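What follows is a pair of complexes built around chain A, which joins chain B in one and chain C in the other.
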Partner chain A sequence: MSSLGTLGNTTLLLALAFSLWGLIGGAVGAIRRDRRLITSARMAASATFLAMTATVAVMEIALLTDDFSVSYVAETSRTTSPIWVKIVTLWAALEGSLLLWGWLLSGYWAVLSWVAPNTPLKPWALTVMAGVQTFFVGVPAIAARPFNSVFPVPLEGPGPNPLLQNHWMMAVHPFLMYLGFVGLTVPFAYAIAALITNRPGTEWMLNTRRWTLIGWGFLTAAIITGGWWSYEVLGWGGYWAWDPVENVSFLPWLTATAFIHSIQVQERRRMLKAWNLLLIILTFTLTLLGTFLTRSGVVSSVHSFGDGPVGPIFLGFFIVAFGLSMGLLAWRWDHVRDRSDLDHPVSREGSFLAGNVLFLAMTFAVLLGTIFPLFVEAATGDKVTVGAPFFDQATLPLWMGILFLMGIGPLLPWRRAPDQTLRGNLLWMALGAVVFGVASFAFGMRAIYPLITMTLVGWNLASLVLLVTGVVVPRLKIGQRGVAQVLRQYAFENKRRFGSMVVHFGVLVMAVGIMGSSAYRVDEQIRIDIGSSAPFQGYILHARDKFMEQTPGRISAGAVVDLERDGQIVTTLRPRTNVFAGQEMTVPTPSVMYRPNYDIYLNVASTVGPEQDFVVLRAVMSPLITWIWIGGIIAALGTAYALVPGVQGARATRDLKRGLEASQT
Partner chain B sequence: MKRWVYALLGVAVLGVAGVLIQRALGEALVYFILPSEYAADPATYEDRRIRLGGIVSPGTVQYDDQKLVLAFDVTDSLQTFPVEHIGTPPELFKENTGVVVEGSFEDGTFKSDNLLVKHTEVYEAPKDGEPIDVEALKESLE
Partner chain C sequence: MKRAVFGWLAIVLLAVPAAAWAQGDSGGVVELESRVFELGRQLRCPTCTSESVGDSSSAISIEMRNEIRDQIALGKSDDEILAFFQERYGDWVLLEPPREGIHLFVWILPVVGVVAGAAGLALLMTRWLAKARAPLDDVNDEDLARVQAAMKSGPDA
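Now for the complex of A and B:
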């Protein structure tokens, strides 16, 4: 019997007991308004966090000491892996990633239990967190157990999935993804608390504003790093394939993005109460549905971990969570439906609402495309897949609409119909659009979507300039200060607004990158004899040599390729294939020349054998693709800036206090 | 009054989205079939992108490493069709193994641009002369 296994099982069961107490004690305490019970349930959050931390620590020790008597270690780890691979093996397979999910969730829950303001919502919000926590501890504690003991103890394991140990990004991407999913659990918990306590005003969203933004920011970063991981590892030179696993991470992002916009309408105009509750319920439940779809094997995917009992369990939890949330919403319907109307469609709230419709339409289209094969097979027995063209055709027009609204929305005033300044603004934006559109056409672009994208980029850039001048110019007139100083002060005083401008700018940069790399990508297979050369897109590729490297954990074989342009060697790329010890699958490992205007991406398309005197390369040129990652970083920085505490935070607290006073009188 | 306008607008947007989605779905569905299913109804799969599954017929594999064309016959033992794959043979590609190729039929030849080798764990290749379990084959390739 393994001692680490026993210890891990014990701490996991402790965590389950604590979270159950948080759920039951919290619910009873909140119903009876029993202070002592509520406090005790609140303490359960920290206790669960400690127990989960211990559990994760035990698993890490087991991984690092190669304790193969623990089933998860035996199934996924290997003695020869480097230390960083052993550490991230915690989330290389299902049981371990559930531990990570549960641990991060308990961290959020514990922090929330300490820092959340003492409002009537808090006890119920913590209780909902406890309920979700119970599920995420219960699954690894009961159904997908990582600490089973293995006997006889094997001497060696297979190591983690080679696709995962092939790139350091794997240490980052899943972590960010779970931080995002878990972060968005907090506003969900508060939304449910608002329904239970019948306080569907703005209180719950003001309480969770920063949590929402944190969760959204992590989810955004996770999706972009996931795309970069695909680009660096999967070997086809792309970053997004509309694979089910990608789609199901995208779905909650879409609803969360709609949510962070529409809550502003409720904050300002007291409208869209039910809509906001619905959006956050959808966001949370879509993460569960997505986990079910990809973990159960009902939709085939390159990343699926295979069949297991966990899929149906997630489906069950999805049905329960969705059903209960919708039931609550129906129960409180009289209190959450809006009594006021939109004053004018051409207003800030009108544009936010239209954007919401587009985001929701996209959610529906992507969800439909992802699960449509299930319907077809159930109805006709045919086995089908939905190709990427569907997703492109369905989402591109919606994206164009969103980009259009992203330009106009922030310039429109709340509630009022358009006035004189709006007409002037529209003129400038139309000018920006035309200039960019014509310039792109003159540059040689002819395809329709790239042209529309560039036109809308011009439209949006003009809008951003107008937004900035709109706040800077009046302040310049009244004071003696310079432009930089005024701008700095504005950015300091309006962190949320300025942060959102930065995020929108990042989105534009990404749009340009996506447009260039998808519409103007060149993809060729090239055979080169070793010592010889071949042309590719203005470069000459010299296959100088081939090589073979061996470390204890892996064998690499590849080619040394010099890239020559205008008689000069620009760079040397070493695409290769890796074979990891314990695995039979070879992993392509492309080599990329990153440039601002385009990337040259080389991948060996067939194994380079010792007796083979040629190499077959997949060569991909992707214009502007680097700007996707740069745009992502800009968006992340903008989100982080909006989160910096400052005047905004103080104002939020004041709003909250005022709201509380109003509700008490 | 206003509510009606918004409701109508909403319905119109949904309608347009529905039409777009339906058209796009119809074109983008990629059927997964076996050679005998194609032979039974070739008209349905004319000019369409499909995924064709089957076993690599022994003795038919030809690889031109100059032009990078891999030619072989794919069979489910009821029907056999020639496949021309543009590209290199994947690592685990060999005779008698399960494969799925993606592309379309042109004049009786399947032109493929994507070739996946499937480890058919459930499925056991029948000995010579034994009938083949087509359902099991399809299940194991999916």
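Now for the complex of A and C:
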């Protein structure tokens, strides 16, 4: 019996016990309003976090010391792997990923238990967190056990999936993804607490505003970094293939994006109570459904690493969570129904509502396309495929609609648009749209979606300029200060608003990148003899040499290709294939020349053998693709800026405190 | 407003050359290879998990891309080439579900979803608009007393 395995099992069971206590004690305490019980259940959060931290630490020690008596280590690790690979092997397969998920969740739960304001919602919110936590500890503790003991102890393991250990993004992307999923559990917990305590006002969303933004920000960052990772390792020069795993990570993002917009309508106009509750319930349960779909093997994916027995368990939890949430919503229906009114459809709330419809329609289309093959197979027994061409056609019109609304929405005032200003603004935006559309056409763009995209980018840039001038110009008139100073002060005083403008600008940059790289990419398969050259898109590719490198645990074989333009060597690329010890799979490892206007992407189409005196390259020229990553960074910075505590946040907190004190007296 | 115009111009100057570049110099080879890729992206790689023939680096995908190239050289149309693979591997190989039979659902339902969403929103909006225009309900004494009490005690209470 392995000592680390025993230790890990013990701490995991402790975590399970603590989280169960958080659930049961919390629920009983909240029902009886028993302060001691509530406090005790609150402590369970910190205790669970400690136990989960210990569990993760034990697993890391087992991985780093190559303790193959622990089943997870024996199945996924290898002595020859570099240290960073051993560390991140924690989330290279299902059982370890669940540990990571449970650990991060316990971290959020613990932090929430420390910092959440003392509202009537808090005990219930913590109880819901405990319930989710119990599930995410229970699965690795009972069903997908990483600490089983292995006997006889193997001397060597296979190492993690080669696609994973081939790139350092492995250390970043999954972490961000779970931080996003787990972060969005907090507003869900508060939403359920709001339903249980029958306080469906804005309190629950004010309490969780930052958590929501943090969760959304991490999920967004995770999806974009995932795209970049695909670009760097999958070898075809793209970043998004509408693969089931990509789709199911995208679904909660869509509903969460709808959510962060529509809660503003409730904050300002007290509308959409039921709708917002529904959106956050959907967001949370879609993460469960997605995990079920991709971990159960019912839909196959290039990214599903290691299927386990947990598929049905996730399906069960999805059904229970969704059923209970919907039951609660139905129970409180009379209190959450909207009795509000709308002054004018052309208003901020009107545009947010329309945007909601588009986001939800896209959620529906993507979900349908992802699970449609299942339905058809169940109904007729036929195997069918729904792939990228379907998703492109189904989502592009909706994206165009969203871009359109993104331009007009922030310029519309709440309640009612004053006709004069609106007309002036629309005129400028139309001008921006026309300028961009005509310029794109003049430069030879003919395809319809790229043209519409560029037109809408013009529309949106005009809108952003109007938003900024709208606040800067009046302030300039009343004071002696310069433009930069005024802008800085505005940005400082309106962090959320300014942050959202930055995020929207990032979205535009990404839209341009997606447009260019998907509509105008050039893809060519080229065979070059070693020592000679071939032309590609204004470059001359010199296959200068081939190489073979061996490090412990890895063999790389590839070609050295000089890129020449106008008689000068611009850069040298080394596309290769890697083979990892213990794994049969050959992993293509492309080499990329990054440029702001286009990337040149080289991938060896087939392994360069020792006897071989030529190389077959897949050369891709991908216009503007870097803009996607830059846009992503801009959006991340904007989100972070909106999270900086500011005057606005302080004001909201103060108002909330006052409201609570008033309600308690 | 002039400032705004300059802002646009600056951005146009940045974005448009890139778009212009995108048109690039395109020879026959590039057009051929782009067509091969486009067709490949509509076919499922038979041996991979959920990758298209265009994306995949597997041996069979490379072979299928060569087949596409040969067929293009024979002067076949896109539809004919896709039909060739459909006949060989079945409907399953097409990443874009054909618009017939049971596949129609996947094409029609998203449209139904959008229309239903828009109709639902329109319905709600008309109802809310009507409500906003309707005269206020009679104020009862209790409400009035509450408002007056609130006003007397000031905003901070």
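In the analysis below, the second predicted complex is superposed on the first by the 653 of 665 C-alpha atoms of A that agree within 3 Å, B and C clash if a C-alpha of one lies under 4 Å from a C-alpha of the other, contacts with A are read in each partner's own complex, and residues count from 1 in each chain.
We take it that contacts are C-beta pairs under 8 Å (C-beta built on N, C-alpha and C of every residue); 3 or more make two chains touch, one makes a residue touch a chain.
Worth saying up front: this structure is predicted, and the values here are computed from it rather than measured.
Trainee: Should chain B and chain C be called a clash or a fit once both complexes are overlaid on chain A?
Mentor: Overlaying the two structures gives a clash between chain B and chain C.
Trainee: After lining up the shared chain so the two structures overlap, which partner does A:462 touch, if you call chain B first and chain C second: first, second, both or neither?
Mentor: In the superposed model, A:462 contacts chain C only, not chain B.
Trainee: Please name the chain, chain B or chain C, that touches the greater number of residues in chain A.
Mentor: Of the two chains, more chain A residues are contacted by C.
Trainee: Is A:538 contacted by the first partner chain B, the second partner chain C, both or neither?
Mentor: In the superposed model, A:538 contacts chain C only, not chain B.
Trainee: Is A:527 contacted by the first partner chain B, the second partner chain C, both or neither?
Mentor: After superposing on A, A:527 lies in contact with chain B but is clear of chain C.
Trainee: Could you tell me if A:243 is touching chain B, chain C, both of them or neither one (first, second, both, neither)?
Mentor: Touch partner of A:243: chain C, not chain B.
Trainee: Can A:35 be said to touch chain B (first), chain C (second), both, or neither?
Mentor: Touch status of A:35: no partner.
Trainee: Return first, second, both or neither, reflecting whether A:440 touches chain B, chain C, both chains, or no partner chain.
Mentor: The answer is second: A:440 touches chain C but not chain B.
Trainee: Should A:488 be classified as contacting the first partner (chain B), the second (chain C), both, or neither?
Mentor: Touch partners of A:488: none, neither chain B nor chain C.
Trainee: Quick one: is A:614 in contact with chain B, with chain C, with both, or with neither? Answer first, second, both or neither.
Mentor: Touch partner of A:614: chain B, not chain C.
Trainee: Classify the contacts of A:565 with the two partner chains as first (chain B alone), second (chain C alone), both, or neither.
Mentor: It touches nothing on chain B or chain C.
Trainee: In the superposed model, only one of 74-82, 110-118 or 128-136 in chain B has C-alpha atoms clashing with chain C. Which one?
Mentor: Of the stretches 74-82, 110-118 or 128-136 of chain B, only 110-118 runs into chain C after superposition.
Trainee: With the touch criterion stated at the top, can you tell me which chain A residues are shared between the chain B interface and the chain C interface?
Mentor: Dual-contact residues (chain A): 300, 341-342, 345, 357, 361, 364-365, 368-369, 372, 376, 382-390, 393-394, 398, 525, 605-606.
Trainee: Residues of chain C touching chain A in their complex?
Mentor: Contacts found on chain C: 1, 3-4, 7-8, 11-12, 15-26, 29-30, 33-34, 36-37, 41-42, 44, 48-52, 54-57, 59, 62, 65, 90-97, 102-103, 105-107, 109-110, 113-114, 117-118, 120-121, 125, 128-129, 131-132, 156-157.
Trainee: Within their complex, state which residues of chain B touch chain A.
Mentor: Its residues touching chain A are 2-3, 6, 10, 13-14, 17, 20-21, 23-25, 27-33, 49, 51, 65-66, 68, 86-89, 91-92, 138, 142.
Trainee: Provide the residue numbers of chain A that touch chain B in the complex, in ascending order.
Mentor: For this pair, the touching residues of chain A are 300, 341-342, 345, 357, 361, 364-365, 368-369, 372, 376, 382-391, 393-394, 397-398, 525, 527, 584-586, 605-607, 614, 616.
Trainee: Within the complex, which stretch of chain A touches chain C?
Mentor: Spelled out, the residues of chain A in touch with chain C are 234-236, 238, 241, 243-244, 299-302, 304, 338, 340-345, 350, 353-354, 357-358, 360-361, 364-365, 368-369, 372, 376, 379-380, 382-390, 393-394, 398, 428, 432, 435-436, 439-440, 443-445, 454, 457-458, 461-462, 465-466, 469, 512, 516, 519-525, 537-538, 588, 596-598, 603, 605-606, 618, 621, 623-624, 658, 662.
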